[in-house]
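Each of the next two complexes has chain A plus one more chain, namely chain B in the first and chain C in the second.
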Partner chain A sequence: MSMFKRIVAVLCCVAQLLCLSGCMGTTIFSASHEIEKIEIIRTLGVDLSETGVCLTADSGVGLNGTPPRLYRQEAATLATAIDILENTYPDRQPFFTHTENLLIGEQAAKAGISSWLDYIARSPSMRLLISLVVVRNEEAGAVMEEVMSEKTSVSDMLFDIAADVQMQGAGSMTNCGQASAQLLESGCTMVQAVAAVAANGSAGAEQMLVPYGFALLKDGKLTGYLGPELAAEVNILTGKFEAANMAVKNEETSISLHFTKASAEFKPVYVGNRLVRVDVAVSAQADVSEAFSKSNQEHDHLRAEIEQAAASQMQADMQQAIAVTQKLDGDYLGIGKEVEMAAPAAFRAMETPWATLYSDLEVCVSVQVTLRQTYDLDTPTAEGGENHGR
Partner chain B sequence: MKLLNLFNVFSKTGDAGEGPRQVDKAISTTAIQAVFQDCCDFVCRPVTTGGGEKATLVFLDGMVSGAAVAEQVLRPLTDEDRFADIKGGKKTVEHMLSGSIYGPTTRRRDDLNDVLSDLLNGWCAVIFDSCAAAVTIEVKSENKRSIDAPKEEKVVKGAKDAFIEDVRTNTSLVRRKLRNHDLKIRAVTLGTESGTQVNVVYIHGLTNETLVAEVLRRLTGVHVDGVLAPADLEEALVDNPATPFPQMITTERPDKFSFNILEGRVGLLVDGLPVGYLVPGTFSQFMKAPEDLGDHFLVASILTVLRYFGMLLTLLLPGFFIAVAMYHQEMIPIKLLQSMIDAKQAVPFPMAVEVIGMLLAFELLQEAGLRLPSPVGDTVSIIGALIVGQSAVEAKVVSPVVVIVIATAGIAGYTMPNQDMGAALRVCRFLLALAALIAGVFGLMLGVVLLLYHLCALESYGVPYMTPFVESRKGVLQALTRPPVLKKSRREPALKTGRR
Partner chain C sequence: MIWIHQRLKEEKIMGVETVRRCQLLAMAYVSLLSPAIRVIPRLSAVLGGKAVWLSPVAAILAAAGIGFVLDRCVSAAGQQRGLAELITDTLGPIFGRVLLGVYVLWFVFYAGFILRTAAERLISAVYSQGHLPVFLGLMLLVTLVAACGKIGALGRMAEVSVPVIALILVAVLIASIPSIEKDYLFPILPADLPQILLGALPMADVMGVMIPFAFFADKRKPGADGGSVTAWMALTVGSLAVLTVPVIGCLSAPITQSQQNTFFVMLRNIVLFDSVERIEPLVIGLWIITDFVYTAALLMLSGHLSTKIVAVRKRNVFVVPAAVLALLAAVFCDRGSFDMQTLSDFVIPITSSTLSMAVPVLVLLAAALKNARGKLRKNM
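On to the complex of A and B.
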């Protein structure tokens, strides 16, 4: 083949490629943006409005301290609102590909978020890794305005929460992809809930966002919450535990424990093809982080007391969390999946489907807590006198 | 078959090629004087031999050694004892050729063109008008540059000699490294006006004879006035002169030249050029540095991989940056994107103009640095890099990230061991940046595909340019690394050498 024919062949191929989606339209340059004209949107707040959806978009604080900006748009659908925002500000075009959080107002969450998750899944400019968060008792847009100042915004607060929430045992972030998958699989999911509180506890002070337990969603609609006091235990049950602090009280003293390791093992009990009970065995390791000193002679006794008190407290919290989900008739904690993993054949042969069974199922939780580094409470070393771990 | 026939013809005749225009006259003093009319360096001196025969000594001043002419030619020629009984031109010629004069090489010439060729190559000639014959004696001037250390291909470990402008010195450098009677050096004269001698170097029995014949065939087809610059030969000998990619390996190092001859390549040494050429030239050969054979094979392999990485970086980084900064901002991590946006706020030019402008500025600086004398060139580089670059950033004329991208691409380009390859990559870098400007990553990828297509379509003397990448996985591994010398058992299969 001559060089001329080769060149013509290649040019024909190139011309055909221009027919691909994305290359059609006014000009090929229409897809380009000058970088200085884009405004990165980090958080989308979604509420209900008379027209359908009220979208609030937050840019967050810039790297060089540029104050955050809020954009608001009402439209029939989330997609339309985003489209309008993209084309309204030619000099400062909101840019949604780096969105980190999707913040849903409580009323909007109650109405259902499935269509918005569908938009996130379908849109080429959105990512499934966007964290899904529900605002407790308020509208997302209102909270975004409340917490915004020259130096901070909801995006920065949510960034901090996402970084620490699991280490603090205050919850765990769920992204849109995970939530969508869980909703498709079991119809239930559980996402992080947040609330706006006064920064120093007094009315009129600056507002800040704090993790506030979990929002429970069934068929895409908010059905209830698991309170922040149960967050650490819920993390253990869902396998997302990283660390947590817990204050344990017994008759004489109050001790602060720092849990560093915890796991739950699910053991289904079948009678024939009937699941009669699920035993949940939880084991946790903790260090004493703050305590009133006791004399060395009482170490062993006190240690057992603390372990027992912590175990009882955790057991009660877990039972409560399970009871709430059973009352709401949804396996938000994903216990069904764990039960299936423990005995897949038996699970598939069950007479009653898991979804029907769960609300009345007996779930027994047993907790074993082991104190590792007790510092001044620990058993003395062989040489005597020195505290282990210091 | 035709090629092999040509090879056989060369084997018999030895010298071919299009030399200076031929003079159709018999040998005579008058004829030679007519040829060298208006040449002030032409010396023509009547001489009477010891036997009383009239002759004319001719030579080109400066091309010959005056002392050698006097001691090796004039003194014995005029010695009465030596030539007392020698009468007549023919007998004198025979006597001279039988050893009466001391020149290391003497030749009888009956064709005026041979005499002219010898004179132009630094020989002197004794013309006998009585028998229309001449005796030429090699009395070359030693006015040539001494063998120096390589300037461009320096190594820490390894030989420190480099080719010079004298072809015979260069062939001696190769002979000293390959003391093998199978090392053949064929001479071809090129250039209708310059009559430059080109030597073809190969090892008989090892180098593919078809390759040698093809090189000789192409040399005979070179029709140029003179071979004074590398391009005169390179563009005439390569398969595809239109491509910017080098297709002949050039080196100033006799050791690298000899190593490639051993590998089965054909070498070319041109009188007047202090470089050696090797064919066929393949892409991977231009990524090998001379010090690779001086380093430990692990170090050399890592450096080779690093060079390939540098090649990708210099080729793709500016285009990739334009593509993501203009079309695919979603690919940029958020912190970096924020930083880029903040830095770009005060810059008045579009991103594409910034990048293309900086690429041009980089080329200008490099060109200025090369053209100026070394100390001034260094100063220009420092002024350009530090003062202009920093000032441009501070004055918000360019973004800092653009400076970083262009500087990184530029520095990565300097890892190329071969300057011709580096220059070709710079050309492609521009084209890929333009492709990215037009159509983002799609355009960039399209450019890369076309570039790969172009590279894969190239051939050098029948060997695919992308050898050994297009051969086998093992070949790819060998190209990307430098295997231990003792483990290397085979020459490159693509060269089809006589001995494996």
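On to the complex of A and C.
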């Protein structure tokens, strides 16, 4: 290689380095951001507005304790609103690549969320990992404002909810990818619902966000809810159960149980190519977490009675959850998937498609609850007694 | 470095443009990854549905066939001869040159199409505010420099890129495992076999782009030189499996069917140890190498074949006009009655399969028949 060629090659390499520095606007990346000038947006709230969409963006509390910020923008579409926000604050530019939550107001959810899910899937800055949450009875933007203070915001509350909701048996988070896949496959999905409540239960107190059951979406539109009282049972049916507490009452005493293990097994019953029934066998294990009063009954009898009472309660809740979804004519719980997994060949050979069959199908739930560590079952610790160490 | 230096020295001493068989296969492997990222696994999922994650197993059969044809095309013509010589010998100088002319036109158009899709991918996946003409112009300029250089240099670049790409693919596979949902992959029944085979069709089509690299066989160095076709085909099928299984497992077949560049969409959703995320720009950036190698190789091929059609020895006389035509193709390829989707899903795969696989197979058969007849006449 001649000296001239070498010099030209070296100069070309040096010229490329100039493009990579980012100094004085020489970067080739047209959407580059200086890190100190960006505000990472953690939660997007979406509501309907006269122009189309009202977007509320929350930054959450900063790592160094800086108070959260809310940004609001109305536009014809979600993409336009985000685009406007990105270009409105040059000194503190909202940055959406690490967004964690998409909070949808109830009215917006009723109108349909498919186009927003499509945007999340297509946009290079968004991710399908974003948790999808519906606000019950309110607008997302209003709730985001209500719960925000100097020290906390909707993003921090949703972060806590996501971390604990399954352990509390209060629901489970669904991300945009899962919701999109279910909507594309079966037309139905179920996402976490939340509500804003007063922190200490009194009016005028600080508001906080709590899990509030599940929002049911069919063809992208909100069709109903499964209440928070059914959340633990729904988690069992959907295979997302981690833990839950349940208060069980019989004629004589009340006991609080902590469920640590529960699973559901789906057994389809076919006659020829016709699915006539689905049997759901649920088995659960629980520990006594709180015994309210001393019982005079025999230990084994009381134990069986508590197990039976808990099983009946769970069975009733599960039947109710299934009945609600059947009434809304959609397999929101994903029972069809479980039935297919149980006997794939028979499922595909069915005369009537699952979607048509589901609303009138007989689904029989049987629950078996086993109590562990029952030595403190019939005598609460504070009352002492002869049953300890049994 | 020492190894590369020795190779460079060897080539300089020999004074002729050569490419090792291993480099040729490395170029073919790196090149096929460029169209692969466009159609796999989306087009496979459209054809095969959920069962498509098993299609790479079915693609082994196609890989064996393509490997055999590639091997035959490289070695059938003999030393200092390539697929072009095989075509002209078999079809005669006139028909042979006409067919080579068709290949030249196809390579120029395909180079433009690859440029266009690569630029669009960069804009849609990373540089959302980027301008298409700028990307097209810059990419063409860089590839033109490579296309005007030696085949061996491009081969060396491909050779160096292979371990980097393989390493990234393995890393992506491992990182995606926690995000894979079994519901998206199962159940699969024997009745899904037709879907699995259908899903393997785009994979076979993509692997077919390796065969035209046999046109460079007249420039290859003698000896096997580490170029086991079986090993390269195994690597190819493995790579296609990595492009397919994690995507279907993480995104589901319905989402895969409805999105573009689904491998990168899947990468966007990978989070490692709750701290490492948004790794897709690195992989998208790396994939530019595949576009670069393939576009440069196509321009080089068009120039190389042009020298066989007309009596001009300098390849670069044809490469520069080919690059200009490729740029025009890139700009205007979605202006006609076909949009990019139709081009990508129907026109390109069908034309590519015909010219890359069907025609070389027919030429090989015709050559074999001709040889058999010749032997028969001799014996008589």
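Convention: the second predicted complex is superposed on the first by the 340 of 390 C-alpha atoms of A that agree within 3 Å, B and C clash if a C-alpha of one lies under 4 Å from a C-alpha of the other, contacts with A are read in each partner's own complex, and residues count from 1 in each chain.
Rule of thumb we're sticking to: contacts are C-beta pairs under 8 Å (C-beta built on N, C-alpha and C of every residue); 3 or more make two chains touch, one makes a residue touch a chain.
Bear in mind the structure is a predicted one, so any value in this text is a computation, not a measurement.
Student: Return first, second, both or neither, reflecting whether A:10 touches chain B, chain C, both chains, or no partner chain.
Tutor: Only chain B; A:10 stays clear of chain C.
Student: Go through the superposed model and pick first if A:62 touches only chain B, second if only chain C, both, or neither.
Tutor: Only chain B is touched by A:62; chain C is not.
Student: Looking at A:34 after the superposition, I want to know if it touches chain B, chain C, both of them or none. Which is it: first, second, both, neither?
Tutor: A:34 contacts chain B only, not chain C.
Student: Of the two partner chains, chain B (first) and chain C (second), which one does A:151 touch, if any: first, second, both, or neither?
Tutor: In the superposition, A:151 contacts neither chain B nor chain C.
Student: Just to be sure I read the superposition right, which of the two partners does A:129 touch: chain B = first, chain C = second, or both, or neither?
Tutor: After superposing on A, A:129 lies in contact with chain C but is clear of chain B.
Student: Just to be sure I read the superposition right, which of the two partners does A:337 touch: chain B = first, chain C = second, or both, or neither?
Tutor: A:337 sits against chain C, while chain B stays out of touch.
Student: In the overlaid three-chain picture, which partner chain does A:177 touch, first (chain B) or second (chain C), both, or neither?
Tutor: After superposing on A, A:177 lies in contact with chain C but is clear of chain B.
Student: Now for A:345: first (chain B), second (chain C), both, or neither, which partner does it touch?
Tutor: Once the two structures are laid over each other on A, A:345 reaches chain C alone.
Student: Examine A:98 and indicate which partner it touches, taking first as chain B and second as chain C; both and neither are also allowed.
Tutor: A:98 contacts both chain B and chain C.
Student: So which bits of chain A does chain B touch that chain C touches too?
Tutor: 29, 31, 97-98, 125
Student: Could you list, by residue number, the parts of chain A that touch chain B in their complex?
Tutor: Answer in residue numbers: 6, 10, 14, 17, 22-23, 28-29, 31-36, 38, 40, 42, 62-64, 66, 95, 97-98, 100, 125.
Student: Considering only the defined contacts, which chain B positions touch chain A in the complex?
Tutor: It comes out as residues 325-327, 329-330, 334-335, 337-342, 344-345, 347, 350-351, 438-440, 442, 446, 450, 453, 457.
Student: What residues on chain C touch chain A, complex-wise?
Tutor: 124-130, 181, 183-184, 186-187, 189, 191, 250-252, 254-255, 258-259, 265, 268-269, 271, 277-278
Student: Chain C touches which residues of chain A in the complex?
Tutor: Within the complex, chain A touches chain C at residues 29-31, 97-98, 121-122, 124-125, 127-129, 177-178, 180-181, 184-185, 337, 340-341, 344-345, 348.
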